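For reference, chains read A, B, C, D and E in written order, and residue numbers begin at 1 within each chain.
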Amino acid sequence: MTFLTIDWLFIIEKLVLIIIIILASLGIALYTTFAERKVAAILQDRPGPNRAGPFGLLQPLADGVKMFTKEEIVPTHASKWLFILGPGLAMVASLMTCAVIPWGGSVELFDRKIDLQVADINIAVLYIFAVVSLGIYGIMIGGWASNNKFSLMAVLRAASQAISYELAMGLSLIAVLMITGTLSLNEMVKQQQEGLWNIVYQPLGFLLFFICALAECNRTPFDLPEAESELNFGYHQEYSSMKLGFYLFAEYINMIMSSAVMATLYFGGYDIPFVNDANLYASIGNWAALLQVTSILIKIVIFIFVFMWIRWTIPRFRYDQLMDLGWKKMVPLALFNMLVTAFIVLLKHNGWKF
Amino acid sequence: MRPVKYNIHPKEAKLADSLIVSEMPDGYTGEGFFATKLSDVVGLARKNSIWPMPFATSCCGIEFMATMASHYDLARFGSERVGFSPRQCDLLMVMGTIAKKMGPVLRQVYIQMAEPRWVMAVGACASTGGIFDTYSVLQGIDQIIPVDVYVPGCAPRPEAILDGVMRIQDIVQNESIRRRNTDHYKALLNSYGIE
Amino acid sequence: MMALNNEIVKQKLVEKFGEQLTNWEEPYNFLTFVAPKDLNLKVLQFLYDDETLKFRFLTDLCAVHYPDRKGEEVAVVYHLHNLENNIRVRFKVYTDAEKTEVYTATALYEAANWMERETYDFFGVNFIGHPNLKRILNVDEMDYFPLRKQYPLEDQTRVDKDDEMFGRGGSIL
Amino acid sequence: MSDILHHNIKLPKGAIEKETTTLNLGPTHPATHGVMQNIIELDGERIVSAEQTIGYIHRAFEKLAERRPLFQITTLTDRLNYCSAPLNNMGWHLTCEKLLGIQTPKRVDYLRVIIMELSRITDHLICNSIVGVDSGAFTGFLYVMQYRELVYEIYEEICGARLTTNMGRIGGFERNFNDTAWKKLDKFLVEFPKAWKEFGNLFLRNRIFMDRLIGTGAISAERALNYGFTGPNLRAAGVDYDVRVHTPYSSYQDFNFTIPVGTTGDNYDRFLVRDQEVWQSISIIQQAYQKVQEFKGAEAEVYHADAPEYYLPEKELVYTRMESLIWHFKIVMGETEIPKGEVYNSIEGANGELGFYLISDGGRTPYRLHFRRPCFIYYQAYSELTKGGMLSDAIMTMSSLNLIAGELDA
Amino acid sequence: MQTLTNRSKQVDRSPMNFLERIYLWNIFKGMFITFKHMFKKQPTIHYPEQKRTFSPVFRGLHVLNRDEEGRERCTACGLCAVACPAEAITMEAAERLPEEENLYREEKYAAKYEINMLRCIFCGLCEEACPKDAIYLSETLAPSNYSRKNFIYSKQDLLIPNPKTETTDLEKAKGK
């Protein structure tokens, strides 16, 4: 292998894209924390943070600086390296997801066609599942290393919850895969741009996927691992300073990523509704890509709002009820959905018209 | 009928009286311009992100609920993320009577908090024992941990609690980031027997 | 069913225990009597079991310290309630402060458990047969029974009060 | 397996054989809102046994009461069940009035009923919304807290304080209700029922919430009585015992209301009973409001009993008339004649039968004052209620019992 | 268990119907309620910029009254200290000298009058106990402070402005 065969421009292009996407994700996550507080406040008839900067907009920065300057505590009986590894792993895993999400079409710069997707791999969906499962390790390792019984219980809950709901999530997704016939996210978006959004074909599948996404992100009503009234913040109870910040951040990035995945899978990704994207490219060129990015961002924001809205409305499950729902209701429903979809796809392949 | 509506001589809090700022020796000039600026920025940031740990034992805890609720909304100060894990919090709000049985627990919680940490004694009981001048009640939590701000009242109105939070903010803003490493601070903690 | 009143309760009790129950009173229409301390459980059992009396609700259990009554300084007071007929009865047993031994009522009323622990905590009444008789409100290390009259109320460590002012060695009062 | 582990790893003695986890809930655990410690043995998430330690805010009320004249004890009762302070105040005043033989005029009774029911509402409102918070839904709590604020404003008009009110005096109130207070009460009566209905909609029939509460922390009527339960917790078990009906005080016999009872005594029953009691309280307040308005002329200004020995004279008279001044001094110094005797009086507190056992030897202060604190008595049943349930159930049981630390620890 | 009264009423514990059983219906209902609240007027009082008006009987910081000629009314009888459940009031009485008649109204006066605001529970019993129209509570909130010693309010901190010499201050104190 020689240096000459490497497309240096390609690497630079991807590096720039990665940096931009990671920074943007971090920025959005930062402001998602703020949004959570504001949304909670507005749903609860109160103004929310409004004294740090204009309308409280500097609030997340204040939180960040404060966390950076706080003392790092490693509990005496904690397993030190794992204690540090935990939040790092959680953070890395959640950021890795954004590699396969198509954020927009492509832009033409310096005579190059640059895809707004870090890696258009053909098994993107599997990749996401793998990385999300890795994120659970971050929580498990951190909670276990804390040497705290509350954390330990939280971790047990988190692990079993993740396993149960990933199963239902996967099953509900298979139906989509059968319709689209691909594992590549970019390909799925392209199909949806041409036809209808997948939500039209898969309403039940989407509902199941959405509920599982709530569970995967540890959001109410599935926030058992950090149920503050029971386990007192659960797995990140012993964490202070930026390690805590990493956990909180990872949670919000997970939220963003699952919103992005949902948008891509069921709501056409960066597709701008009611507009033919190809024509748009023809008329305004690179600006169309920007509009597409805006489109997916808006979808993400809407999902995040719904996440928050749910969080501040309903109570949480009990552990056994959560398992009950997961195994006895979600999995059978997902299977049912899969079978029905398979049946219809089969009929369609055999020339039936709908 | 009352002769007047207001007492116009309420004692204003002076920063110089605070435990944190007062024992800073004059002419502590180790910090250069950059460090001072950094200190200011950090102070400003910390000020707006004080996460309280409510150590609510009795009546004042109920008023703290009112402070959190829509009518007074502590969230405006960026302080609504109430944590019950001492590791994650900046401000220990001791609300309500601390009995002698509770004293060691309170101390333990204080020790577990990550620096920088501040303590606010809310209400008569936590500050001095209030009406409970009895064999079982600790006569002021300042016997076991250093207190930064005292809030009078039994129970203090939400306004008074907010006032206390703002006094804490004043301290936080004016505290040098290096202070927690100074010998003076260590001596202060040692005087409470905390290493 | 015949309405139950203080007369009938008294009559029944006298029938059963005769002269042993003394000091019958009805302050504010509340039947009160004194039982010997060895009999407390028997009286409770009778009041609980009897088909007409049915005092099956233990409202309250506490003690009072009378330092002047030599030999019977501590009185344990039971308040019982018959919910069906809405009638209450109170009885006391007196015991020596040095050797406070009273039978526990926990076998009859679960409610008595903590009330007896509290009474032990405050007055040092030793309830014989109690499943878990230890201090409940105060710290375990405490070496006296604070509600007995001879012990001071105040905490001695406070510095912000002027004892002269509040009747503790001063001129007022 | 355990043998191998024993050889290689140093574990605390008996850690393997035990097969259960000991979890220490409290004293600063968020769900114990207040301070008690529950040492729970867990088998997985199931509770094998629970043991409680209390006394973390023991304040020696009873000893303190022996050193304070009657009127100062009102400030102590404030701090018993601080969620419904006026209720305790009035309970104490009624006890004193029983001892001193004071008859209160009807209007005073009705005013008291209004205040007592308002404070019952605030208490149940907090309890039920905290059940919501502990189950993870924070928002309903903030919705109803806004209306508690309205009640506090009414208190403030009457006595000048919000939470620890020190409201009322032996023989009546310290002052008549002013127009603002009545206006605020009007406002409350209009707005609160809507909000309470909305709160019910948010929780009552939500399956997640119902699943959390139904069948958890249940107790039978017999056990509940044996444990000395009173108030909403006893009524949830199906016993319709209510001091307001059994031994009416403060003219409760003039009002028309029902006693909501449950059947199984589980957390959901407790929640429902409290929910219904709030509706009953609203109805009682409306009736009392109407009755108060029926007083005309001089009667409409009555706010205390005519008891010059115990009720402080008008300030104007104190400044000008010698006789009043002497009464004033006597009452404040506590030198009025207080009859000897012992009296037990109980009211229906927000958590159950709140009793005052007062022994007076004729001195300035009570010889002995014992509070029957419902919280203290029913919390003993906690280990029985939680046994066999899950950890989350224990949390819900704790909040639906409504444990008020001030009342628990005296 | 037989019923004790004829006023009991069973609470509604009907089993869940189908819509309630599938979770979603009531969740949507709840979400609709919270959504409605987004457009509700916020009752928030933006303390410290905005302050609530307190009731005229509000129990805040104390004041010591003077009469029309600016003489202190307190006669150091000690009733307030006796009435105080928190024992927060300390005073020392002194005999008035002939040349002090323009300072003190009665023959005896409080040479030292201190209230420990940190002990004080603002119950208002001192105001009620005063037979000389001398001590009142005001609508000022007791401010928080950094040090315990700053909560001892001496006579100078409590006295209202002299109506003879400090008329502007008095107007201020009266809230005009």
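Everything that follows uses one rule, which is that a contact is a pair of C-beta atoms (placed from the backbone, for glycine too) under 8 Å apart; a residue touches a chain by one contact, two chains touch by 3 or more.
These figures come from a predicted structure and were not determined experimentally.
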Considering only chains that satisfy the touch condition with chain C, which of them also satisfy it with chain E? B, D
By Cα centroids, which chain is closest to the centre of the whole protein? D
Let me check something: if the centre of a chain is the mean of its CA atoms, which chain is farthest from chain C? A
Measuring between mean CA coordinates, which chain is farthest from chain E? A
Cα centroid separation between chain A and chain D, in whole Å? 46
Rounded Å distance between chain C and chain D, as computed from the means of their C-alpha atoms: 24
Cα centroid separation between chain A and chain C, in whole Å? 64
Residues of chain C touching 2+ other chains? 83, 86, 137-139, 146, 153, 160-161
Residues in chain A with touches to at least two other chains are numbered 43-47, 228, 232, 312-314
Touching two or more other chains - residue numbers and ranges from chain E: 4, 27, 30, 33-34, 37, 42-44, 46, 82, 85, 87, 116, 118-119, 121-123, 137, 148
Given the complex, residues on chain A that touch chain E span 42-47, 309-310, 312-314
Where on chain A does chain D make contact in their complex? 40, 43-46, 149-150, 153, 220-221, 223, 227-230, 232, 312-321
Can you name the residues of chain C that touch chain B in the complex? 137-139, 146, 151-155, 157-161
Enumerate the contact residues on chain B facing chain D in the complex. 55-59, 61-63, 65-66, 69-71, 84, 96-99, 101-102, 105, 109, 131-132, 134-137, 154-155, 157
Within the complex, which stretch of chain D touches chain A? 21, 23-24, 29-31, 45, 132-139, 142-143, 146, 202-203, 206, 208-209, 211-212, 390-393, 395
